[in-house]
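What follows is a group of structures, each given as structure tokens.
Each of the next two complexes has chain A plus one more chain, namely chain B in the first and chain C in the second.
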Partner chain A sequence: MTQTWVVEPAHWSAKTQATLYGAASLLGLLFLWIAATSIFGWIDPRVLPSPFEIALRFADLLVDPFGGATLLGHVLGSLKRWGLGVVTAAILGVPVGVLFAWAPLFRAVVNPVFEILRYIPPFAWVPIAILWFGASTMTQAMVVFIAAFPAIVINSQLGVQQVEKILLDAARVYGAGSLRTLRRVVMPVAAPTIYTGIRIAVSNGWMALVGAELIVGKNGLGFLISQGQNNDSVSTIFVGIISIGILGLLIDTIVQRSEKILLPWRGRLDQAGGI
Partner chain B sequence: MRRSMVSRAFLISLVAGVGWVLLWAWLTRAGGPVPKLFFPSPEEVFDRFLKMWTRPYLGSTLLGHISSSLSIVLAGWVLAGIVGVPLGIAMAWWRKLKWIAFPVFQLIRPVPPLAWIPLTLVWMGIGDAARITVVFIAALVPWMMNSMQSVYSVDKLLIDAGRTLGANDRQILSRVVCRTALPTLVAGARIALGNAWTTLIAAELLAATAGLGYVALNASRMLDTDVLLVAMLLIGILGALLSIMMQLATRFLAPWSIRQSRGQ
Partner chain C sequence: MELRNITKRFGNENDGVLAVDDCTIEVQKGEFICVVGPSGCGKSTLLTVAAGLERPTRGEVVVEGKPAGPPGPKRCVVFQKFALFPSETVAQNIKFGLQMARVDVVEQERLLREQLEIMGLEQFRNAYPSELSGGMQQRVAIARALVMRPDILLMDEPFGALDAQTRTILQEEIQRLHREQQYTVMFITHSVEEAVYLGDRVIVMTRRPGRIKEEIVLSRDAAWKQGDIEAAAEHSDFIEARRKIWALVREEIVAR
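== the complex of A and B ==
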């Protein structure tokens, strides 16, 4: 613990060191990539293009349409379908989850179907969605919905089950109606768990959308990648992969951040020792 | 009291399950409101399921497609374990290795594994290698993360205590280290297998010459809805079986972890 190194003075915290090592590792990798492609030409650019080529292709795709739209057009197309699926899943999933928690009979009746469908991966729905809706927005939105729905239902159920019965009784004693109880007692307790479900649903949905667009579609980031594959343009594939990663990260960050704004009491509850 | 409620719910579920199948049969009956092209009836699906065991569909029988899917999932999953577990343990052991390797994983993690499929296809062509690679990528992260976490979960105080009480290295490994580390490791294996299965289905939809995903997509193109449903249900059932298998493995390898989680 007390030993000092020349390269890393003891007054540097572990966090700084970790950042430095991480940056060095990523830069090293980038340099290796540049060396292998642009400088020494060890790798055929058709197999692995250089970072510069990918950056150029990125700029290209921003202006020139490829596969029927510019990069922005594909991004917007993807976001539209993703939003449609996730919002529908949230609108239907939260009430179903609340019913699962409050109406055991309803849960017992619906559970067999729910459990069987839950075990079928979202992508396995793509072929039947194609059959029903063709290569339309509905096909992809349905796959997103199927990927997002179970997480919202299960977490809504868990969240509502967390509400202590004594709180409900207290609300009733003080004369609160069911709607008022739901809004003032149940939702504040259940909302953080429901929100966790939505967060899982959002990223599951994004992943499912990419898969669905790869298989069928006329625009979107997944479609851009599959077009790149058909045209043997590896740099287009890379632009697609990077855009999908960045957007996925961005969406998750936004959802995570907005939790603090939408549910400001959550942090306080956690500090008070949880619910 | 609680027990009888659970069994009552189970009974209702059972009856409801039969009810749902009857409703399905009624809706899809000959001349019913739902045409076969949209959704086949249960008996058509069951008939097709029985026939597919003996009569080849797209080059092989049902058993052939199932074994094709399962063998690729297992290959990718095992390979990911062989790479991921030592890597995770090493990253937890030498923090410099973690500082170097972790950012690379952080960079790759937000990309869904299936986005790599077209790239592997360009690099390796349509074949088992491409699919195994994609499954490998999907399974690697849970294997690695949980191996790393399992090392962190071992309490140094417990090792010291064991040593003070006269335990030798072998006893420390089996009684202290494995006890705390195994549940996390097995959980990682389970998540990895689930991811692997989901990703494989997507890979088979995109590029395969056999397997259940391949059958499903082609059935959809040829409007064989009964075949499509057989494939979908089998994908679901096999996924459930894999998950149950891993739960049994947890019970066998780390029975104390289940007792613990029940106690909480």
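== the complex of A and C ==
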């Protein structure tokens, strides 16, 4: 308890300091941008519009449909495809990764195929996906899936492999069979590593989605950007880009926070200062 | 429990490592057996074989006249590194074996409370292992074993990872528990002092390949067993037993 008293203030101020520096850096960048565009006019607005112009365009797009939908419509479209791809990747990827670690025979059979497939970039699949599914939600979801799947498999396998043998021994001694050991000991202990895989998959999937939407589709943030390009609307492109960045950050934050809720013993571990 | 002619070889017949060679140990009900030997002598291997976690290359493990078979809660193991389930609370860890055995929920709770009280863990019931000190974690591990009312408790250098003060206190508690509840224990240690303090019988093993070098029977009612290990060191017969066993272990360590 006494230790808490000594450590906490320093800990907090360091964190606050970092936040302040971060905010200052972002504000500085914004100011520089305003200066270069609105105040001094160093940069042609067709190359880089001012933040005010982008903000106005943002407000426009919230209300007026562009490229078939309002900004919210594009965001929801993107989130839907992304969610479909990532959730499918998690539903299939976690069991595959666990089996890789748990069932050597399964691994021997499936791993070579997996290893070859995972070195094919997601976008190489776009033409095939179009051929199979047309310009539909499924096409982009498939690209997201391909981008997200390997990280989940690899981290699930890693997480399960990292479970100490002594814990498995203990589970056996206290009467747990394979399935109950998997459920009560292996999965919870592997969960943080699996979670890391999901976090990577979430961001890989998000990036692949926008790429896929640029190439094919009738809706979504990537599509919005390509429409901006076709209509010579640089500010639309920037609204798209900034929305993608902010949404990506938001998604990652949500995933990170949910880990603390889903794995309470990890959260308390962090407070206790690690293992 | 009986270990009959246990031989354990890792790897193949020619270039494998012979860890344990033809060890026979008989543990009577209620007896506290300590196995000492130089590090790497195969005493821990002997324990994993006794637990059923490793199959012996030759020989068999017999419990109450029958082959012991796969590991199970009749032969509970307390590991040196505790091996608590990190994602479960103290209460969940202790109940683990009971739940696997599908013990009635009300009974589970009763046995848990009893065990928490015996081990002095009541206030840590909902803590996670990572929030506890090493000594407390090992208390939980011991509680997790005792709650199963095992035929035999197999302890693999359980205090090896603890600091000296915590170790002294836990040794005393184990001594007291054994005296009051008559547990059957096979206790692996490299500390001669610990073996003499705790054991009714001390088995000295040779260096690898581990064979049984000698068995020393100690009086269960020895005066030194009533107090803590510090007080024990003031009894001349304790010192004598310790000296004798240490001489045997030392021979194995320095032998060429």
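We adopt the following convention: the second predicted complex is superposed on the first by the 221 of 275 C-alpha atoms of A that agree within 3 Å, B and C clash if a C-alpha of one lies under 4 Å from a C-alpha of the other, contacts with A are read in each partner's own complex, and residues count from 1 in each chain.
Assume a residue touches a chain if its C-beta (ideal position, glycine included) is under 8 Å from a C-beta of that chain, and two chains touch if they have at least 3 such contacts.
The shown structure was predicted, so the numbers you read here are calculated from the model rather than taken from an experiment.
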Query raised in the report: Once chain A from each complex is brought into register, does chain C clash with chain B or fit beside it?
Result: fit
Report summary line: In this superposition, the partner of chain A with more touched residues, chain B or chain C, is B
Query raised in the report: Can A:I91 be said to touch chain B (first), chain C (second), both, or neither?
Result: neither
Query raised in the report: Touch check for A:L262: first (chain B), second (chain C), both, or neither?
Result: neither
Report task. Have a look at where A:L167 lands relative to chain B and chain C in the superposition and call it first, second, both or neither. Result -> second
Query raised in the report: Should A:I39 be classified as contacting the first partner (chain B), the second (chain C), both, or neither?
Result: neither
Query raised in the report: Counting only touches as set out at the top, which of chain B and chain C does A:Q17 meet: first, second, both, neither?
Result: first
Query raised in the report: With the two structures placed on a shared chain A, what shortest C-alpha distance in Å links chain B and chain C?
Result: 7
Query - Interface residues of chain A shared between complexes with chain B and chain C - result: none
Requested in this report: Provide the residue numbers of chain A that touch chain C in the complex, in ascending order.
Outcome: 164, 166-167, 169-176, 180, 184-185, 188-189, 191, 263, 265, 268-269, 272, 275
Requested in this report: State the interface residues of chain A toward chain B in the complex, per the touch definition above.
Outcome: 14, 17-18, 21-26, 29, 47, 104-105, 107-113, 116-117, 119-128, 130-132, 206-207, 210-211, 214-215, 222, 225-226, 228-229, 232, 234, 237-238, 240-242, 244-246, 248-249, 252
Query raised in the report: Which part of chain C faces chain A closely enough to touch in the complex?
Result: 48, 51, 53, 70-73, 75-77, 79, 81, 83-88, 96-97, 100-101, 128, 130-131, 144, 148
Report summary line: chain A partner, complex, touching residues on chain B are 5, 8-10, 12-14, 16-17, 19-20, 38, 95-96, 98-104, 107-108, 110-112, 114-119, 121-123, 197-198, 201-202, 205-206, 213, 216-217, 219-220, 223, 225, 228-229, 231-233, 235-237, 239-240, 243
